[in-house]
Amino acid sequence: MREKATTLYLGPQHPGITGNMMIKLKVEGDTVVKAQTHVGYLHRGFEKLMERRNWLQSFTIVCRICVPEPDPNELNYSRAVEEIEGREVPERAEWIRTLMMELSRLASYLLWFGGQNGSAGLYTMPQWSVGDRDYILDLFEELTGGRVYHMYIWPGGVRRDLPNGFTDRVLQTMDYLEKRLKQYDQLMFENTIFQRRAQGIGWIDPAKAVEWGVVGPPLRAAGFKSDVRIDDPYLIYDQLDFEVPTQQGSDVWARALVRRTEFQQSINMVRQIIDKMPGGPVYNKIPNPMKWTIPAGDAYVKAESARGEFGYYVVSDGSNKPRRVHVKGPAYVHGVTLLENILEGANISDVSFIMNSLGTCPPEIER
Amino acid sequence: MDTNSWISILGFIATVVLAFTVGVSYGGIVRKITARIQNRVGPPVYQNFFDIFKLYSKSTAVNHGWMQHLGPAFAITASVTSLMFIPVLNGQGEFWFANLNFKGDLIFLLYMMVFGSLGMALGAGQTGNPNSAIGVSRGLSQMVGYEIPWVLALVALMLQTKSTSITGIMDYQIAHGTWMMFESPLAFIAALMAMLGMFHYAPFDVTFAPAELSSGPASEFGGKYLAMMMTSGSIFAFVKLALFVDIFMGGASNLIMLVVKTFLLYMVPVLYGIVSPRYRTEQSIRYFWGWPTLIGVLGVLYVVFVR
Amino acid sequence: MPNDKNSQKIVDIIKNAARKHSLFVLAYGTGCGAIEIPPTMTSRYDAERFGIRGMATPRQADVLLVTGYLATKTLKRVIRAYEQMQDPKYVIGFGSCTINGGMYWDSYNTIKLLDKYIPVDVYINGCMPRPEAVITGFIELQKLIAEGKADGATKYKENLDWYRANQKKVIKNWNMPDYNW
Amino acid sequence: MTENSLDKEQQIVNHLVGTFQNLTGKVKRNRRIEVSIEKKQITSVLNYVKDHLGFIHFSHMSCVDWLEDGYFELVYILWSPEQKIQLLVKALVDRENASVENADMIWRQLNTYQREIREMFGVNFIGMKGDKEFILEDWDNMPPMRRDFNTVDYIQEVYFERPGREDAQNVRETISKRTGEEIPEVATKYSRD
Amino acid sequence: MAFFDIKGLVTPFTALKQFGKAPHTVTFPYHKKETAQRYRGLHFNDLEVCIGCGNCSTICMNEAIDMVNLEQIEGKAGDSGLRPRVDNGRCCWCALCVEVCPTGSLNLTKDYIYVTPDADSFLWTPGVSNPEGKDNISFHSDVDTSLSMFDRVPMPELDGKERVKSFAETMLYYTEEAAREEASRCISCSLCTEVCPDHMHIPEYINAIAKGEDDDAIRIIYDNNPLGEMCGKVCTRRCEDVCALQVRGDAVAIRWLKEYAVGRAETAEMLKEIVNPDIQEPNGKKVGIVGAGPSGLTTAYYLALKGFDVTIYEANEYAGGMVMYGIPKYRLPMDSLNKQIDYMKSIGVKIKFNTKVGKDITFDEIYKEHDAVFVGIGFQKPYSIGIKGEDAQGAFPAVNLLFDVNSGKTPDMGNKVVVIGGGNVAIDGARVSRRLGAEVVIMYRRRVQDMPADWEEIEGAEHEGVEIMPQTIPVEIITDDNNKVKAIKYLKAEMVADDKGGRPRPVPIEGSETIMEVSSVIGAIGQEADYSFLPEEYRNSIEINRGRMVVNEQMQTANPKIFAGGDAVNRTADAISAIADGYRAVKAIEKFLMN
């Protein structure tokens, strides 16, 4: 039976949409026949803004590019600038940066736990996990002075050293999260209904995944051992002991499991970092920021964010302002071409669910 | 009019007030309990009263045609009418707040309860909002799902008690000194599983699923409409609970008993909802047509062949 | 709605008390401030204590949170959502961006002064405002409602032409239904 | 990471230089290769590296506006998951009526990047499908990411600024007014920005 | 998919256990969570510490910070009198303003709540809007974390032992790289320009150096100072005392950067090519200048550029005045000065050397011959020390010693020299004597930190082996029978706090008399002007008050045709003030003659 197709606008104002974007769905009955992503609701023209800001000023705005996970932006920007300029970063700063990255991954996964279950109607989970995420934000606040926007990793190192007793509080929080993770397991991962919702949904063809530009947990859930932390090591990841989990299912459930495993991995990594962190300075001071110029050159740096490869292409023309900073967030591919593709044939109930499993984050698509 | 009529009318008004109060308070208590399970403080228990009063005080300037006005009106009429068939209390063969009842009212009630939803469906359909339309179709599909075990359970009851009126079933229980949930456990289980669907808590909240359909049929209803829908929902919750208590749990001889029984019963869908994600629509229907229907059929067979 | 608490009728006082304690927030994350809404609404800060809860559609909501900058493309949707909301309705502006452009003051695609396009009842300072600040903003809004001073919607109706002119200056292709309630 | 392991990278560069005319390349650092090609070679080079050299993952595509020199620089950033090498393919396009051949049949996600670049820089990709509007809506000005698009002028024209800050003083002016110092023409371009 | 998975159905219900647990909700506003120690909340500015440099305003990419006048703040030297005001409708709390604040007065506090219905009330003047904020400071910068570069690029100099061997320049001056680095420290606040008597365009030329545009730097310097290189070597650089960076670190080496810039032009021709001044057509007016000191040269240079016919009358063989003869060559080599003067000559300044006014030519003649006269005679006559035996052989003023040495003579100092005084001239005298091979002791009445001389000079002297005897008051020069200096008698002094709140006074300690054998005593306690060249009538027509010519703001004396400047007018005894006087006189003379 062929039903008449209706058009359903999912967003921009819609509880099921992640962030502020819109998906135009052509629906027959409960089945999506065509999906089209519309972005641009959060476009601020970051790259244009940076043309008018000098190298240091730009560092404070890059974190706004991805709100749920600002730290990979700061890290990438700083690393790109350091690579072009050839600036050395003190070892301790690299360790603190890694700590930031892993904490931010944890925070991002907690938000994701909430989002994934919120879109599935299990409202207890967001209440728990987003509430618990706040403890990580507390750590960020203590370390950086800001809850959400840290503006902490800057070219040359990090802004401030760890405060007294900070490592103890990090370890306490890790213990707490590990305890909570068991409860999450019981509520979510062992929940039959959740499993039935997630299995077989949002399938990405593993044969095409790499070519389609899938990155991060979705790619690992398709069976590829792909992680920037291993493929193109940065910071001190080569000194940490961790594994890249993979799954074969390539569906929402497989992605959930990958994230679940990585969550535990990150907790372990944070412990290792705290354990091994060397002393020393945290910051290789930059010159007077108003007169700081970077030699001409370009660099493409990337980091593994919680949602996948986050790339920055930075070009300097030798002046005190960046020529071009072009951001590639994982959602750029996930949120547009990939999402449009795998939504075809999906049930409307699963649209938001699938979108969450890909980690779509509109601000990094349009910037 | 004679005195009896006056008493009936007064009793009826008292019933509505009671149903409203209990229904809305339950809503508040549920929010509080949910909050505690979610590790937070939660709103005050009287929060839902504020919500409803506030919604009544809002302007409603949206106009999508007269059907939209009728939708909530249908819903509230249906809920109040349904309420009129529910004997609220029983005692020594007398029924307080018995309101209307007659032979076969259980079957009539079945229709009445559907009638409300249909009214809503018409109203929501009129708004032209695709979310509403999809929500309505989902709601009706799901209703078809849970009505089957529900009707099966009621058939079992009716066969067993040889009565098609609620008071008849209550009489049966009083006369036999037992509750139907023990007399006819399979029917009770089937009805209970169907009841999960009736309350639209997760995993069966497909109709209003916010992440999918904004809020489904209610998408275009704000202000007074929403207040009416909330009111009718609260009364309906009471209707369903009281009906369940009446026919399965021997009714209640006083208000405290009523509150205790209905509250305990209410906790079943609520707590299940707190720990469950939502089913997809077809999963939900498949669920109702699976175990609950099977048990319902068994319940009927049990009554027919064993009793 | 009378502006002075003393001249409020008893009905208004009751109405406003109910309105104050029941604020339905439109779930629309317009900008990056939306990231602090989940913590505010969930277990750690739990705004539901004040009767604040999210609502899925504009029809049902009382409060529009403009969480930060508005791209012109979003502004159009925000206006639409705002106009769909039922009276009385309130707007809370989050953070620097709604006040004077914030860090996007020189962006070609974001509006700078929110109150030129829709009336704003309360502004919250910050970038982003923490959950505590957000809650303070709600408390301030509750206070205004109780005093009958949160009358942004009335202002909007009275000065519709002025608002429309400003809106149309930014939104070039104006194809929206009239606002007639 | 060992420093002497740039052989792999150098091999690829040499291979590419040998395969294509007018192609120059260099190893930027380990795991980073950069090649410059001509505009008309874009699809053939991209196809070649994808099919023969294992650069199957398309990471990023960027465009840099070299206003002073009069061209756009298109940068295709590819990744080889096997060899773990990032390849930057750069091609220059004239700023005037910039147009390039469409490459979204090689990687379909390239479509998104090209749409963005078309919208933000006004580079025309010949034969590309997809809506004209991607991020912006009803934009009737110069493509905004071009460097000659002046944001400040634009915002002054379109948006409002909150009054109340007119009493702001410039430190340099305050001091020079106090001392009667006259700042010569030649110095003004070195004033604090 | 198991059709009936009892475990999966039951396990989620374990979540219900949470019902029994106390909620972890922060019940704000009833219970407030303390913000972190470095939380970035609202700004606080310590108004007393702030110097209004405006660096916060510059770094702010949101243009959120305005510098505004406040009622309670008055501008003064080293303080622009402006204070930052933050537009909280722009701020993003990145705290870069805190990181670049050179004084550390601007901080962020733990307060962050500010909620209001009024959109126009978000202008926040830190320190005024929240006077209590001082106790609440959270995010702040200290010297280590601040982005201001507090450490000066070290200046290479000759080793002290090397230096005393010759009159070679002691400072080796910045290389290009060092100069760029040093210049990039400058935050361009321009507080320095106010205290510079000449109001040179300091931030601009430093910025030009930082950007690698040395030629532009020279042009900017030559805008109002034709002796840039001289200033770069010997200026008293009051600018560096008010540098925003010196509050918590080292001031920018403004003087040496200027030296670096002008020093790039190695010859007068190069200088002319770079400065490439716009010389106006001769206008037929003649101006005579008495004295080729800094003020006279400055007047001459700028007047010549404006098309005047300028003639300088100089008593000595070389131009430069005190700069030429009063400053030792290891500080200011003759080549350097001559280069600058040659350049002036090349644009049309005429200098008549060896022409002492009053002897070789009368003032009257000059007065009559020119349309205006500028008198820049400076201080040549040293004050006497005022103790017994100062007319002895071997006791002489430092200026005379410097004059002799700079004129190429090698006076016989003996082997032990005492220099009396604590100013730059005293140090110069001491260091010159050291180079002539003597043991040198400086006697100064107060403490070392009270010495008016540059600390660099004092340090330099110490490196060269000059002994400084602070709190020492000479009372008598003991002579031998030939009236030749034999020894000096002095008293030790203790510092007594001044009752009136002034600086502590040295009071001699009774019975501390000591006698030290010396071969020469050099007095360096100041000089005064010599007006003997002026005929009585002129001396009456211009007003001379306590040895100082009185001028109005345009450097014009009571005789409208006579202008004056330099030490004899301002008594500061530094070159830059003289240059400033000259520059001001130029404008006045132009106005006087052209209208």
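Descriptive notes on the structure:
Letters A, B, C, D and E name the chains as they come in the text, with residue numbers starting at 1 for each one.
Basically, contacts are C-beta pairs under 8 Å (C-beta built on N, C-alpha and C of every residue); 3 or more make two chains touch, one makes a residue touch a chain.
Given the structure is predicted, the values throughout are model-derived calculations rather than measurements.
Of all chains in the assembly, those touching chain D and also chain E are A, C.
Common neighbours of chain B and chain C under the contact rule above are A, E.
Innermost chain of the displayed assembly, by C-alpha centre distance to the whole-protein C-alpha centre, is A. The pair with more inter-chain C-beta contacts, choosing from C-D and A-D, is A-D. If you average the Cα atoms of chain A and of chain B, the two centres end up 44 Å apart.
With centres taken as mean Cα positions, chain E sits 56 Å from chain C. As a whole-number value, the distance joining the C-alpha centres of chain A and chain C reads 29 Å. Chain B and chain E, compared by their mean Cα positions, are separated by 88 Å.
The set of chain A residues touching two or more other chains comprises 14-15, 40, 43, 45, 48, 52, 60-61, 124, 127-128, 131, 149, 187, 191, 193, 196, 290.
Residue positions of chain B with contacts to 2 or more other chains are 35, 37-42, 131, 210, 214, 274-276. Contact of a single residue of chain C with at least two other chains is seen at positions 27, 42-46, 49, 56-58, 73, 99-101, 103, 105-109, 113, 127, 130.
According to the touch criterion at the top of this document, the contacting chain pairs are A-B, A-C, A-D, A-E, B-C, B-E, C-D, C-E, D-E. Residues 1, 28-29, 31-32, 56-60, 62-65, 75, 77, 81, 84, 86, 88, 107-109, 111-113, 133-137, 144-145, 147, 149, 151-152, 192-193 of chain D are the ones touching chain A in the complex.
Across the complex, chain E is touched by residues 162-165, 167-172, 174-176, 178-181, 183-184, 186-188, 190-193 of chain D. Chain D meets chain C in the complex at residues 136-138, 140, 144, 149, 151-152, 154-155, 158-162.
Those residues of chain A lying in contact with chain B across their complex are 6-9, 14-16, 27, 30, 117-124, 127-128, 131, 187, 191, 193-194, 196-197, 347-353.
Across the interface of their complex, chain D is touched by residues 39-40, 43, 45, 47-48, 51-52, 83, 210-213, 224, 226, 231-233, 238, 290, 298-300, 302, 309, 311, 313, 315, 323-324, 326, 328, 332-333, 336-338, 366 of chain A.
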